[in-house]
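Here the chain labels run A, B, C, D and E in written order, and each chain numbers its own residues starting at 1.
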Amino acid sequence: MLEISDLTHSYGAYQALGGVNLTVAEGELVCVVGPSGCGKSTLLRSIGGLLRPTGGRVLVQGRPVEKVPDDLAIVFQDYSRSLFPWMTVADNVSLPLRRRGGDRRSRAAAAVEALEQVGLPAAAGKYPWELSGGMQQRVAIARALAYKPALMLMDEPFGSVDAQTREDLEDLVLQVRRSSGMTIVLITHDIDESVYVGDRVVVLSKSPATVVGDLRVELPEPRDQIATREHPDFVHLRAEVGRLVRGMRSGEPAAAPEAEAASPEQEPAPAAPKA
Amino acid sequence: ACGSSGTDEAKPAAGGAGLEKTKLNIGVVPVPSSAPLFIAKEKGFFKAEGLEISTETIQAPQPVMPKILNGGIDAFLTSYVSLITITDSGMAKLKMLAESQQGAPGVNGVVVTKDSPIKEPKDLKGKKIAVNTVKALGEVTVSAQLKIHGLAPSDVTFVPVPFADQLTQLKAGTVDAAWLTEPYISAAQKDLGARLLIDTLSGPTENLPLDGWATTADWITKYPKTAAAFQRAIGKAQQIAATDRQELNKVIPTFTQIPAEAASTMAIGTFSTSLNATRIQRVADLLNEFQITKNKIDATTLVAAPSQ
Amino acid sequence: MKTIVSRIAWLWILPVVLVAWEVSTRAAQAVYFPPPSVILARLHELWFSGPAAHVFLTDEAAHHLLPSLGRLVVGWAGACLVAIAAGVALGRSAVLCDVFSPLIHFFRSVPPPLLIPIFMTMTGIGTPLQLTAIVFGVSWPVLLNSLDGARYVDRQYLETCEVFGISRFRRLTRVILPAASPKIFAGLRISVALALIMMILSEFIGSTEGIGYRMLVAQSELDVPTMWTAIVLLGILGFVLNAAFLRFERHVLTWHRGARKTD
Amino acid sequence: MTNARRTLRGVLGVAGFLLVMEALGRTGIIDPYLIPLASTILTGAARLLANGEFLSQVGVTLSSCAIGLLLAAAVAVPLGTAMGTVPAVERSLRPLVEFLRPIPSLALLPLAMFLFLSGEQGKIALIVYTSCWPLLINTLYGLRDVDPLAKETLRSFGFGSYDVVRLVSLPSAAPFITTGVRIAASVALIVAVSVELVAGGDGIGVFVTQAASGNRRDVVLAATLWTGIIGLLVNSLLAKAESRLFRWHRARAGEEAL
Amino acid sequence: MLEISDLTHSYGAYQALGGVNLTVAEGELVCVVGPSGCGKSTLLRSIGGLLRPTGGRVLVQGRPVEKVPDDLAIVFQDYSRSLFPWMTVADNVSLPLRRRGGDRRSRAAAAVEALEQVGLPAAAGKYPWELSGGMQQRVAIARALAYKPALMLMDEPFGSVDAQTREDLEDLVLQVRRSSGMTIVLITHDIDESVYVGDRVVVLSKSPATVVGDLRVELPEPRDQIATREHPDFVHLRAEVGRLVRGMRSGEPAAAPEAEAASPEQEPAPAAPKA
C-alpha cells in the first residue's frame, strides 16, 4: 500500500526528515509516535502529497506520490482550521462525499450517520464555530470516516477529547477499519493508545527524524479497552515504546544499537490482518 | 464596432421629396442658441420637410466627435471656435449648415465683483480670469479686447471653470474676473452686484458670429437633400427667432432650465438668417492670431451652400 | 543576472500587446487610434526630448509633469494616512462607525467633478485644490478596506490581547494593524491607480498646469496623439508606482506570504 | 433591535452634520452663497422628487450602473480568481493590468464613444472598465488570504484545483470580494455621472448639465445630493446582503468593538 | 481568589452551563475535567471575562468580573489562533511583558528563558507558522508563564505534545506555581494528569454543566512523575475521578446522589497550600 524510502525534507536550512524508511501493508493500522516537533506531520503531509519532499520516494499503491493520491483522507492536527466556517457541520462532513457520487439525500444520510458514530447526533445543523474544540475534532474525524478512503492519515485525531470519548473513538476507528479494510497511519502522543489501536508502532527520532523503532503489536483481536490494556503483552509493549521515545528525547543518536535492534526497518512489512 | 453608417438609411419619406435620410439625431446644447431648432420642431417646420428630429444634450462638439464621426449624431450646435479648431486639427472636415447667433452687446463679457480693485481692463494684468473651457471663444475675445488696452494674452491667466461655478468662484475670490455669457451675466449682476468690465462682443469683436448648426462635409455629400431640408426648416425658425422675442421667451424655458423670468430679461444675440463667409473669416483670423489654431483657415470651406 | 532576466521575462505580454496594437491600428486607420509608434514618437518629442542637463525632460514636461507628480505623491501619502487612521478608528468603534458610515457612503458616491468646484471656493486655485481633490478621491477605498479589515480581526487575537492586558496603543499597532494589513494593502493598491486618476481629474477644473490640464488642452484641440501620450504616460506611471508599491508590500507582508503559502 | 439602534446612530450622525452645516451657514462662517444652507439644499432635493424628468434620468443612470457593475463582476471576479490561483497568470497579466488601471475613464471617453455607436453602450463600457479594478484587486487579495489548511483539506480528499477554488477559495474570499463590490458600486455611479456630464446622452449628469447651463445652482446641488443618497442606499442594500450571507465571517471575527 | 456562584450560560437557546458553583483559593491549582462539549471552555471564558455569562456571579479577588481581570493569563485551547503570525515567536512571548515594565533587553531575556523552559530554545527567531503543532502549543504556554500572572487559566494546555514533554511541562507548571504562588485553573482530558498536578479535581457533568465532583488531592509534595503516580492514593483518586466522568457520560443526571456525595460543592473551598 505505502512504501517510503529514504524520505528527507528540509524547510529551508532546517532538516525535518532525515531519511525515513517505512512500509505499510494494505489494511494495516500503523501508529507513529515521536517527540514533539520531530517531523511526524511533515511525514504525513509528504505521504498525502501536500508537500514535495526534498529527497527520497513515497509510493502509494505502487505509484509515486506526485499529487494527492486518490482515495485518501487526512484528519489534520489543526482540525479547527480544516473545517469550513461557512458550512454547517453536516455540509462539512458531506462535502467530500460529492466525489463518491450519489445523490444529495444519500450524502446527507451518510453525514448524519458519521456524526452519530462520533457522538454528535445533534450537531448536524450547527456551524463549526458553534462547537467546542473536542466536538470540532470529532467532526473532522466524522468527515474522514464518512468518506471511507482506502488510505487514511490521522494526525493526533483524539487530542482534544475526554478519556471516555477517546476510547470510544479508538474503538470506532478499529471497527471501521475492520469493516472497510482501509489502511490507516495514525500519529499519536499517547503511547498506550498507539499500542492499543496499532498493528505496528513506529517510533521516530527527534528531527532530522528517522525510524528508530518499528514494533509489531500482536495482541488478541478484537481489542477491548479493558482486557487488552490488561494483557501482559500490552504492558510490555507499552514499556518498550516508552523506552524508545524516551531514549530519543534524552538525546541518543538515531542509530543507537538498542533502538536499531528493535526496529527491523528494512524488513518487508508483515502481512496485514484482513478485514 | 466603429462604422460610418447612419441610423436610418435613405428611404423615400412621405412628406419629404426623396430625402436620403429622414430621422436625424441632433446634438443640442441647452443654451438660447438652440432655440430655433425647438421653434422649428414645435411649429412643425421639420415635419413639413419630412424630417423627424430627435435631440441629444451635449456640452461641446469635441467630446462627442466620435459620435459625430461614426454617425451617432447627424448635426449639432457648435460655436465657430470649436468648428474651426476641429477643422484645424485635421480630424474632420466640418461645415456650418446654418448660423444661429451673432454677437450683440451684453451677451458675453468679463465681469468683476462690485468692490473689485479692477476698475478698467488694463488692471487685469497678472490676474486670473475664469473661462468655461480653455482655447476657445473666451480666450480669443478677451485677448482681442486686451490687445486694445495694450495687454498680451500671456499677461493674464485663463483658468478653466464651468460657467455654473464661476459666480461662486468670483464671490470666493479664487478668480479675479470671469468671462461669462448670458444668463450668467445677468445673474452675476443681480446676485453679486457685479460689474461688466468688458463687453467682449464690441469693438474688434463686434457682431462676431457665435455659433450654428454644423455637420461633417461627408454627411452633406451623402445626404444633400436632407441637408437642404434641414437648412430650410431651421431658416424659417431663425426668422422667427430674429424678430419675435416673445417666441424665444416662450421656448427657452422648455429645453433649458433657465427660469421664464430670467429668460425674458437676459440679453440675447442676433439670430442671423444667412451664412456669411467674410464674417466667419474674422473668427478664423482671430483664432490664428492668438495661436489657438496652427493654420490659417479659409472660411469659405466652412459653410455649406445655403439652400433656396 | 539570472534573476533580472527571469524578472524581465514576465513582461512578455507587453511586446505582444504592443505589436498587436500597432498592427490593428495600422489596419483600422481610425483617427482616434493612432498606432503606438506614432504615440511614442510624440511622447518622446513632447516630454522627453529635452537637454541631458534636465534629465532629458522638455520644458513642457518640467512645467506639466513635475508639479503633477509632486501633488500625486503628497496627496496619495496624505490620503493613505488619513484613510487608514479613520478606517481603523471606525472599524474598532461600533458607535463611531454607525454614526459616520452614512456620511462616508454618501460622500464617496458623489462624483468628484461635482465637488471640485465646491472645494475650489475653499482652497482657491492651484496646488491646495488638487491636493484636496486627490485626498478626497483616493481615501475611500483605503478607508473602506481598513474599516473592514480592522473590524473583522480574528476574535481570538483580540481576546489574547485582552487577556494579557496589552495596552490599547500596542493592541492597535502590533495586532489590529497587522491583522488588517492584507485588506489595507488591497485598498492601498487600488488607491495607487486612483491617485493618478484623481490627479488628472483635479487638473481638469481650475488648473493651469499639469498633465491633466495638458490633456484638456489636447482634447479641446482634438490633438489625438497628444491625448494618447497622456494616456500612455499615465499607464507607465501606474506601472512604475505599482511595482514600487508591490516591493514595499512584499517587505511588509512577508509573514503573510509565509503563513499563507501552500506547497 | 440592534439594527434599529445602528440606524438611529446613523440618523443622528447625519442630523448632526446637517445641523453643523446649517449653523455654519447661518452664522456666516461659511458664505451661504458659496455653499447654500443645508435646509435650502434639502428642500431643493425634496422638490426634485416631484420632477418626473429628474426621476427618469435617475432611472437611466441607475440601470447603466447596474448593467455595468454586473458585467464588471462577470469579468473581474473570474479574472481575479485566475490571477489569484495561478501565479503564472498573475505575473503575466500584471504588467498589462497595472498599465491600464491608472488611466482615467474620462481620458478614454472619446475612444469608448468612437467604438460604441450608442452613447449608452460607451458609458457602460467605461463603467465596466473602471469598476473592474477594485473588484479585481480585492478578489486577488481575498484569494491570497485563504487559509492554506482549508485548501489542503479539500485537496487531501482528492478534489482538483477547480473544486478547491469553487468550494474553498471563493467562499472564503467572498467577504473580501464584496468589499470590492461595494467600492465598485460607488465607482460605477461616479463614472456614470461623470461621463454623462461630459458626453451628454441621458442620465443624472445630463440633468445636471442642463441645470448648470440655466444657472440653476440650487438644482445642481440638489441633484448632487441625490447621487450621494443613491450611493448611500445602494451601499446599505449591499451591506445588508453581505451581513446576511456572511454570518460565519462575523461570528469568527471580533466584530463587536471591545 | 476566585468565587463562582450559580454561573449559567446559554448560547442562544442552548444552555451550556447550568449553574456552576466553585471556589478557588489563592495559590491553588484546580483541575477541571468533564466530557467533551460540556462547557469547560465556556466556564474558562466566563472567568476570564471574555464572555458575559447569562446568569450567576464570578468574583476574582473579591471583585465581580466585568471586563478581563487584571493580572490574568489564558492558554487557549485553540492555541494556533492565539499566536500572532506576523510576529516571531520571541516577540509573541515578550509582547505582554511590556505591562510588567522593564527594558527591551530584559523582556527579550525573559522570553528566551521561558522558551527554554518549554524546550524550545532554538525557536525564538522563527514565526509561529514555521513550528509544529506541539511547538506552537508550547509557545503559548511559554507566553503565559513568562507573564507570571496572579491567575492562570489553561485550556488543555498539553494536548498536542508527546508523553515525555507533557510530563516535563506538568512539572514545569508545578514548579512555577510553587515559586511564584500563582493560582491556576487547568482544564484537561487526562484523568491521570488532573490528579497528578491538581490540588483539587473538579468534575463537570455534561451540558448544561454543573459541578458533580470536587475532590481534594492530598498527595505528598513535591510531586514526582514516578513516585506520585505509584502512590496508592493516586491510583485511588484516579479511579474515583474516572468513575465520576464515566458516570456523567453514561447519562446519569447531574445531581445523582452518588456524585452529589462526592462533591461538597457548597462547602467553602479548602485552604490552599501556600507556595
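As a working rule, a contact is a pair of C-beta atoms (placed from the backbone, for glycine too) under 8 Å apart; a residue touches a chain by one contact, two chains touch by 3 or more.
None of the values given here were measured: they were computed from a predicted structure.
Any chain that touches chain A and also touches chain C is listed here: D, E.
The two chains most heavily joined by C-beta contacts are C-D. The mean-CA centres of chain C and chain E are about 51 angstrom from one another, to the nearest whole unit. Between chain B and chain C the centroid-to-centroid distance comes to 38 Å (mean Cα coordinates, whole Å).
Centre-to-centre separation between chain A and chain D, using Cα means, comes to 50 Å. Measuring from the averaged C-alpha position of chain C to that of chain D gives a distance of 17 Å.
Across the assembly, chain B contributes residues 2, 63, 65-66, 69, 162, 164, 168, 171-172 that each touch 2 or more other chains.
Residues of chain D found to touch two or more other chains are 34, 110-111, 114, 147, 152, 197, 220, 249, 252. Each of the following residues of chain C touches two or more other chains: 30, 32, 121-122, 154, 157, 159, 162, 204, 219, 256, 259, 262. Residues 154, 156-157, 159-160, 162-167, 170, 174-175, 178-179, 181, 255-256, 258-259 of chain C are the ones touching chain E in the complex.
Partner chain D is touched in their complex by these residues of chain B: 1-3, 27, 29-31, 56-59, 63-67, 69-72, 162-164, 167-168, 171-172, 183-184, 187, 191, 256-259, 262.
Every residue of chain A that touches chain E in the complex is listed here, in rising order: 11, 33-41, 77-78, 80-81, 130-135, 138, 155-156, 159-166, 189-191, 242, 245-246, 249. The touching residues of chain B, counted against chain C in their complex, run 2, 60, 62-63, 65-66, 69, 85-86, 88-89, 91-92, 128, 133-136, 157-162, 164-165, 168-169, 171-175, 292.
Chain contact summary for the complex, chain C toward chain B: residues 28, 30-32, 117, 120-125, 204-208, 213, 216-217, 219-224.
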